[in-house]
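Both complexes below contain subunit A, partnered by subunit B and then by subunit C.
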Partner chain A sequence: MSQRAKKFWRIWDNVGILCILLVIMAVYGILEPQIVNPTQLVTALKRSAVSGIAAAGMMYAVCAGGFDLSVGSILSLTSCVIAVQLTSGRGTVFSIMMALAVAALCGVINGILITKLKIQAFVATLATQLAFAGVTLVYCNKAIQLTSKYNAGLKFFSTGKFLGIIPLPIVLLVVTYIISYLVYTYTAFGAKVRAVGSNEQAARTTGIKVDRTFILVFVVTAVSAALAGILNTAQVSTGNPTLGDGFELDAITAVVLGGTALAGGKGNVFGTMVGAILVTFVKMGLNIMGVGEAYQKMAVAVVLVFALTISGIRIIMQRGGK
Partner chain B sequence: MAYIELKNITKTFYGVKALDNVSMSIERGEVHAVCGENGAGKSTIMKILGGMYFADGGDVYIDGNKCSIHSVSDALKYGVSVVYQELNLMPDLTVAENIYLHSLPRKAKIVVDKAAMNKNAQALLGEMDVRFKATDFIGMLSVSEQQMVEIAKALSHNADIIVMDEPTASLNDKEVETLYKLIEKLKKQNKTIIYISHRLKEIFDLSDRLTILRDGTYVGTYVTKDITQSKMVEYMVGREVSEFYSTADHEPGEVVLEVKNLYKEGIYKDVSFKLHKGELLGVAGLMGCFREDIVKTIYGLVQADSGDIILNGERINPKNPLDAIAHGIGFVTEDRKQAGIFGLMSVRENITINILDKIKKIFWIKASEEQTILADYTKKMNMKYRGYHQKINSLSGGNQQKFLLARALASGCDVLIMLEPTRGIDVGAKAEIYALLEDLAKQGMAIIIISSDLPEIIANCHRTLAVFQGKITGDISREEMEEALILQCATGNKTHFGGEEE
Partner chain C sequence: MKKKKNAIHIEYGDYGILYALLIFWIFLAITNSDFRGISFYQNILTRASLNAICGIGMTFAVISGDFDLSVASQVAFCGVILTIIIPIIGIIPSILVILAIGIAMGAFNGLLIAKLRIPAFITTLAMQMAYRALAQMINSKPVVVDNKLFKRIATYKIGGILPTAFLILIILAVIGTIILRKTKLGRNILAIGNSKEAAVISGINVPKTQILIFVLVGFFTACSSVMIVSSLGSSNYGMQVGLEFTVISSVVLGGTALAGGKGSIFNTIVAAVFLATIRSAMDSFGIDSYWQKVVEGVILVIAFSITEIRNIINNILVKQRAKKQLVSQKQTTN
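Let's turn to the complex of A and B:
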């Protein structure tokens, strides 16, 4: 590849997905100007907070060379934990802590299955997806409506405003990604995740605690799913045992769109956030235009294939250049 | 014209000549041995004959006809069947299925005729005097039994020419004897056998004639009974011994590391040696002698069944690399790409990856400290890169190797284990690595070097251990160090400890 082509791809790595988002916004702007007004944009950001926060954790699993299919079930489980705790009279903070602790435990279970029992991440988390969903239904077999008596504290997360202007879900989304970026780039944990994903055998040879890193990664993924679950529960004021069904695919879509390599080792923190926003925005725009859910799904598929085709072109160019 | 004629065969891998204009001829019905050191080109030329590789230049004639061999099935068509050094078996299929995978016997052209297949396979195995059955699964067999299956597979083609590439590398004595008998039998059937082995004894026991290759060139073909072992080794080595000299001219100090009676079933046994402060210890041996396993045990990558590793008088027996690093043992792998570098990470991160916990402040890695470490080693080792953000996989092999060495040193070791220190790097970087190792030794680092390049060991080491079949067969001091002696020990023809030969 020429130097200019290399430079282009370096820039594309950082802002490519953002460019795609802007193009989609422009298209919407032409077709239906009211979709791109500030109120709608704020709504889009608020709606993308749930999948965005879960995707932040998922990116670590993918970057480490793994996968986590159980985040949807973990989201449902935390939703139920928090609802059951609140309705049995516990405080908001205690309930949140309980939900986070349960999620962390789920992450440890995933990690142990993968590292100690040597089950592939895909299969292990497929099993725990079912197991956690089952546990959730045993614990709480139907949706629990949270009346304002119990919901007062939790509601703040979905309706509160930072400095009186910025909706709290957006703040949570951005803060999550800033923390994720700092951890990914500047901490020993972040470096180890990248190392394990880049070359697991080298990591073992070098003396990195590969198993511990993996377990921690799955705890991070599970806890971020729990945060998403808490926020979602607050938004719908309901503890729902099927709240997160199919949710893992939303998170994975955002991660892949964001430019994280499924082969591991190469993550993209802010790309993931933009990916989550993009998916929400595409669906919302179509919704406003009166296009049904079936076509919304197809549209997301088109965007996904388009984004990955661009990565494909890059690979073809690299091979050709050599 | 001889039965098989290989004419002017040339093969280049990534710009390195593996075979340079090699011509050799083999007569019908003989056992013809091909000998040479690691990298002489023995396996390469046989892979060309067997259709695994395609020669860049040259021709193959069998029985007077020019052959165009482009694949394994082409080679089989000309009657050439090869027992490869590497096992190519499917563990979840049976012995019979593996043997006949190339042409499964069928009923009505569709259904596999299992009965016929098992019967034929069992008949083949019957000739080989083995203890397993045709219906056993490959995965249940030992490595040496699998090797016998490979041989049966090659025989199943009923080929006239059978090439055996290190067939005995993993066989025990009884199995070797079975193979001897088998070869005798094949010879009586007027089959031609080309035999590659590192074991000189086998070559002298089995072969009628032998061809010697050296560094990808043809040295000569000799009638086996007219040549002596020492003459043969001399031809294999071929260089003037005085070309090489040891530059390690300082005296090693007290014992730092002692290895006592290491034993691991089927891998190595009775391994004992001492390593001194400031010493450069070479470990030589031919492919499949398990020398890597021995040193990897010291670094905790391989676990011994019994025996002790004693560092500065303290028994450490590291359970994993982390443990070894904590005791001050550094390690540079032979497999830079697969087990060494983190290709997607920056040069800076590649140095500090295993000391992150030491240089972090609560959570954050101190970038300034990483920078200092990088700058420090850049100066010491003359590493070349554009900036600290550059990804390591865009550097040359020599530069990557320096980074791996820097990583081992940065974790604060006083025993350094380096496998194949100069594999795949250019001449300039080689000289720099040698100079670095010598400097480190002078400063008191105890260094173990494993190398397949004997001149490299002779030029740099104070002492050399020769390993043969997982046992140390030679402990050779600098004064006695010469390629012929090391090779004699490494091929199991001699044992030599501190001037005493047996």
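Let's turn to the complex of A and C:
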């Protein structure tokens, strides 16, 4: 790859996705000016917290050369666990802890299937997606409306304001990404994830416990999906066994859009965040313009294909046009 | 040459799933009188045929080391169009149109995968959403097919015994097996599955073959869509969600290695019948659909890990045998 191309991709990594977001905003601004005003933007940020937090975890999975298709089911499961626990009179903190523990267990199961039974990550999580969705429905087969009696504590996450101005979901989103960035850049875990993702064999030879790293990565992914699930449950005040259907696509789109290499080894933390905001914003804009659900789904698919196309072009260029 | 005799035969002689199916059938027939009548087996075969037809295409994809997660949405998309056009242009033209659409969808998937070099599973994950959304855009309400003749395609029983769906499955399976074993395309697919690098070096046009693989997937998926709509008598954009799980499980349970390079259509079909039997059995034992989902997921995990489990057992056996040999050698030297 020529020097110029290298420079281009370096700049792209930093601001490319942001530029796309601005272009989309501009297009929306021309089509329907009311979409791009401060209140709407704040709403978009608030909504993107859910897929954003899940995408933060997914980035680790992709960076380690894996994949997690089961996050949608884990999100639904979390939502149900929390709703059932709250309605049976448990405290908010306890319910949240329960939900996180269940999610962590799901992550461990995924990790063990992938490392010990040597199933490819996306295939294993495809199977667990089905299994977790089944378990969720067995556990709680219809949506549970959380009345204000049970929801008082949880509601704080979606309506609370930090310092009286900034909505809490946005704070959570930003904090998640700052933590994610610090873990990715400065900790041994982050380094191990990158090492495993870029060359598993080499990582093994260097003495990295690859299996343990992988299991941890899937626990991180599952727990972040659970956090997203808690936030989403708080936002809609409902425990819903189908809340997370198709959700994995949003998270994956955000990660790919953010510039994380699908082959592993190279993540982009803040790109992922902007990617998540972009996906939410595209959906929300279409929603305001009054197009149907089908078109919103289509839009996500198109955005994902677009993101894949960019990463494909990049790989082809890196291989010298072969 | 002996090899020629084995052309249509399964290459690595693994009939495990067939034995499992027969044992399971005998077990069911002994334990419960519901499972003794011929109609039970007719139902299973019909039910299995609908998925197995799609499985033929998927077998090609898995052999080449890829996947297609968008088959369920393709079925829905084809189904929605099919129900709309049947009253307008008649049965046979509409089936032809659907097959053409299936091929076009497959070609589109293949183009994305082969030309942009994106892993197949993530491309088809995106297309899964896209095709489903397209189906919903075309028609968001369920449509009933009124054509009696069309409904009979999948439900008629020849001589009152053999379901037509199964007969069509067999015909398509023979075509598929011939493509896999007798044509250049089939050999190329096997070669790519064994080693993509080796295939490139030996001069196989890998992108072209990949596109053709997904065209085959699209074609067989369209066939299965016709059968499914015919048997249901209606279509709906939300139909057959999760079909890809059933199809992929039957391919993998049939012994087609996930790493690619080997596989057989015959075993895929047997595995599809096996899965349909499990489902029917669960239905008759009154297990609710949520538990069925869990069971399906677990079966999928077992199917995926079966090679590794086999490896682990083999390793243990080899070690034991080595130990025994060592012991007996020591005894003889003593």
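Quick note on the criterion: the second predicted complex is superposed on the first by the 292 of 322 C-alpha atoms of A that agree within 3 Å, B and C clash if a C-alpha of one lies under 4 Å from a C-alpha of the other, contacts with A are read in each partner's own complex, and residues count from 1 in each chain.
Here, a contact is a pair of C-beta atoms (placed from the backbone, for glycine too) under 8 Å apart; a residue touches a chain by one contact, two chains touch by 3 or more.
Model, not experiment: these values are computed from the prediction.
After overlaying the two complexes on the shared chain, residue contacts for A:Ser198 are found with subunit B alone; subunit C is out of touch.
For subunit A, the partner with contacts to more residues, out of subunit B and subunit C, is C. Legend: residue contacts after superposition of the two complexes on their common chain; A:Gly207 is shown touching subunit B, with no touch to subunit C.
When the shared chain is aligned, no partner comes close enough to touch A:Phe156: not subunit B, not subunit C.
Of the two partner chains placed by the overlay, only subunit B lies in contact with A:Thr187; subunit C stays clear of it. In the overlay built on the shared chain, the residue A:Gly265 is in contact with subunit B alone; subunit C does not reach it. Those residues of subunit A whose C-beta lies close enough to touch subunit B in the complex are 183, 186-189, 191-192, 194-195, 197-199, 201-209, 265-266.
Of all residues in subunit C, those touching subunit A in their complex are 67, 69, 112, 116-119, 121-123, 125-127, 129-130, 132-134, 136-137, 140, 237, 242, 245, 248, 258, 290-298, 300-301, 304-305, 308-309. Subunit A meets subunit C in the complex at residues 67, 69, 113, 117-120, 122-124, 126-135, 137-138, 141, 246, 249, 252, 256, 262, 292-295, 297-298, 300-302, 304-305, 308-309, 311-313, 315-316. Subunit B meets subunit A in the complex at residues 301, 320-322, 324-325, 331, 333, 338-345, 349, 353-354, 356-357, 360, 363-365, 367, 407, 411.
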